[in-house]
């Protein structure tokens, strides 16, 4: 089975009772000692490795030696998931719009606060990344927004 | 003693208070907002009352509804926990007016200490050293003049508040105006009071606080210090006791100052007097008094062997605090790490989502206070504290090692946490040597880079898709069978 | 300090030792039999070595294989834990001969104390009070005469052993012969030595033991007592420290006697001197010395604040024990309950099976040392100890309350446990008043009746079949989908 | 759905979003507040009840208020599962046969040790429940036996 995480492609193949992983032109031997409840005890080329793994849609959470990493499964063509839109400012986290300071057509300067939102008791300022003109404002005061929702576009 | 206590809070602290109630044989009533219908604290309580919508103002900050819930459930006391209404004098007064006991200090004590302006003036009068600064200013020009006199950097903070909200460090005059506006708005929003005060910002300051206890019979003791200097965005993340900086003499002086502060406002129940400590001057300045249980109270519990919540309840019920100052001692060393759902690589922005795995560590000397379990949702409505991880060991060195191992064993999938970040902090020479001041995380520790997935991580992620088909590693519908047979999925790959 | 330690044991104690190693920065090597391939202690270690078949003789009691495993893994020390080869002098000697450090006392000390006959004679010589009785008897007639002289009831026990194996109380002469035969066989099987000794059986006896520590530089201290009188079938189930019976004077005398006993055999590392205490006479008698870590060591760790396993390792590495007797103190009160897979309603017969749910309690002052997790199999090959539940609180009264709540929160499904039984013991007036002697469970507490399912239990069981179709509540194959969506099963029944 | 545990029969019926349980001629209202991971939070006739439930074949493990009970699902006709066989002595737990002291046709007395087994480091004596004659011996020394396996029959 071939899978791509972000830009890395890896192929897992069963070999009798064990597996091999093909990655970067090399084969790695894997033996599963135990796999249950989101945890795997493995021998990778003879080295004991314990990994906790969880999945949520395309995301994979992996903990190894106490370090947690997040990987994103992609089709392999895309360079990961894009988090910015051209000139569009997106919500960094879910929350509520507290104030909108600009309207469509208004000229704004780099660093100017365009709107503020509140999340987890914090006030967050959304500021212009460049000088420009407001192309669209997609939210109103009091509105609840989701993470990565586009709030305002500047061009 | 009380028969039934309503806990006007949520999350880990609600559960922690309920544990104490159970041990004292007292029934517990949880309250919950719409977002908390299935929260752990609701499941943990003997009874639970719905109090309103998810937004705090509609539920956990709604004094009338909370008092009505206490009356409807026939509770005889209310424990406010920390945050929310815990330092709201009107709430404390309203609880007492409803013939319920408020488990905390009197409304007057809260009021006296809650106002950062008034309390600072009172402390000056009582001979408790305070940070150079000004109170009662009005209008931008006054602030500008005061800041100039004090000298930048200055600190602007809410007169009514605590916990870093409504607080801004201002480095130059050009930042002053917007900082005041933002702080006023946050203060108004968080505390319903937009007044601010301005102080000298001490760059190399350590945050050292003293736990105090008063009973209703006029007895006061302190339970020594907590060093809380590891902070990000003025929020504590790692606390410990004893402080690696204090000499026995300084500890004694600060303890006495804290008791004097408490006595000045006729304090009873648990409280914390926060000081700024300047290691170069070996001087301490009164910062504020938190008139409630602190988030970091467990480190004091571990080194003193006292259960602070038990004593909050007992004192509220009129019991005398049974120990004199000379009977209290610090044993070993305790450290707390606050595990937050936040991303250190994006300026500690909160992270929300469903907890796919939530496995706290355990073992000798390890305590975990948490309000979450696997499968729970971390929402954006409330504080992103997932768990408090606290360790106790014979020495500071052993406690640091124990904490590093405990952080290593703490598995959280589904939201980004600060676990790796905190372990990296513990591994610095500055932390090991006790040199971390309150601005250290921003100025010295620097940027945090997320560890990049290595070969083993890629293999594990890819293998999980093969091995756990239909199991944990796949949220799509498939043919999971008996979740108690760990081998069913791996078929003949079993070793 | 060591680089790598092989732990010649399994279950909770192997994990507990590995935690200490991790904290000291030492790599760990687990060993496992065929039945333990997937055991928690194997998963917890840095490395793991297979040592043989499930039967203990073929694996955990096989000294040659264990030493070979230590050499093959390039370990530089071996920790034997408790049970198995921990008190086997030949094993300790063989470990040292293989240029590995044995983390425990010298083979000579083990040998001197391991022989119940020789050690009793040595203690008599050293002025440590011993129980009236006879050693070195041969043949039934000698035993019959000795028993008559001492007066029934008498206690027969293995000269080589401990932990209740090879031990029999004999109430009348008619029972004597079969008791000797059985005890000899058990002793031979467990210790490879069938010699027995006979003693007066003290009916109202309390079991009080003293933890001692010696280093390799001739220093000795004791870490106070543990009261271990709650026993069934001569096996401890509940232990605590301090003992509710001891005065400071008696504690001091027993501590001194224990140190004398240790000194008499040139002891180093952790050891425990067990005494029988007669509350009517306020007298204590030497019972035996256990030359290893005890199961119940955590209660001592909690009241003294010392990590006993850390100190075992440090002392084995040649460090000096850094505290003098006057620097050691008891803080608060600690209780341990041993959660066994056994059925109190059938004479404590072990219960085996797969753990369908295994949810240990947590919270302030609660510690759980366990070698099991949900999904694990409890087999008949080894000791049925599922977990040690240990609490620490300010007072004995608070500790009892804390323990009752912790037992309440401990969920074990799949095997029958003694959890309900232990909670019932804690609720008796005798326990609360510290009046429980070693025979109390059999003679006073009486028969244990399993709680009968009530209406709510029936409803819950029936409802589970409806709600959890395909989930946890059904072992048959069905259409479980996403185990992380708790609502998928309940469909529109969700509230 | 009708279920019988040991001798008690209970019927669970959905009623809109909730359930009723019919037992002993009475109806009880049940509301499920939460059900996940083997744990249920219920309102039974308005009373809050938290139950942990696990299943293993016909066995149901239920914990309520810290007390764990085991129920056995039956067809309803049988009076629970029988743990004794007429004159047959069964293994109280899994283990190994250490010695067999009697043979077929031998007369035995009540309380006489017929065989010993070893399990979890303990020696267990299997004794005659009554005077009689050994009808069968089903095990030999060294044999491993399962819980409830018949060891010897006396009649």
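We call the chains A, B, C and D, going by the order they appear; numbering starts again at 1 in every chain.
In this section, contacts are C-beta pairs under 8 Å (C-beta built on N, C-alpha and C of every residue); 3 or more make two chains touch, one makes a residue touch a chain.
The model shown is predicted, which means the values in this text are computed figures rather than measured ones.
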Chains touching both subunit C and subunit D, listed by label: B
Between B-D and A-B, the pair with more C-beta contacts: A-B
Label of the chain whose CA centroid is most distant from the centroid of subunit C: A
Centre-of-Cα separation between subunit B and subunit A, whole angstrom: 29
Subunit A-subunit D separation of Cα centroids, rounded to whole Å: 51
Separation of mean Cα positions, subunit D and subunit B [Å, integer]: 49
Geometric centre distance via CA averages, subunit C-subunit B, whole Å: 38
Multi-chain contact sites of subunit C, meaning residues that touch two or more partners: 37-38, 354, 356, 374-375, 471-472, 474-475, 486, 495
Residues of subunit A whose C-beta touches two or more other chains: 33-34, 36-37
Footprint of subunit A on subunit B - complex, ascending: 56, 165, 182, 185-186, 189-190, 346, 349-354, 356-357, 359, 379-384, 407-409, 411-414, 416-417, 419-420, 423, 450-468, 471-475, 486-487, 489-490, 492-495
In the complex with subunit B, residue positions of subunit A that touch it: 1, 3, 5-6, 8, 10-12, 14, 17-19, 21, 23, 28, 30-38, 40, 42, 44, 49, 51-57, 60-71, 92-95, 118-123, 125, 147
Residues of subunit B touching subunit D in the complex: 37-38, 43, 46-48, 374-375
Contacting residues of subunit C [partner subunit B, same complex]: 15-16, 19-20, 22-25, 37-38, 298, 301, 305-307, 310, 331-332, 354, 356, 360, 362-369, 374-375, 392-394, 398, 401-402, 405, 470-472, 474-484, 486, 495
Subunit C contact footprint on subunit A (complex, rising order): 33-34, 36-37, 41, 48, 50
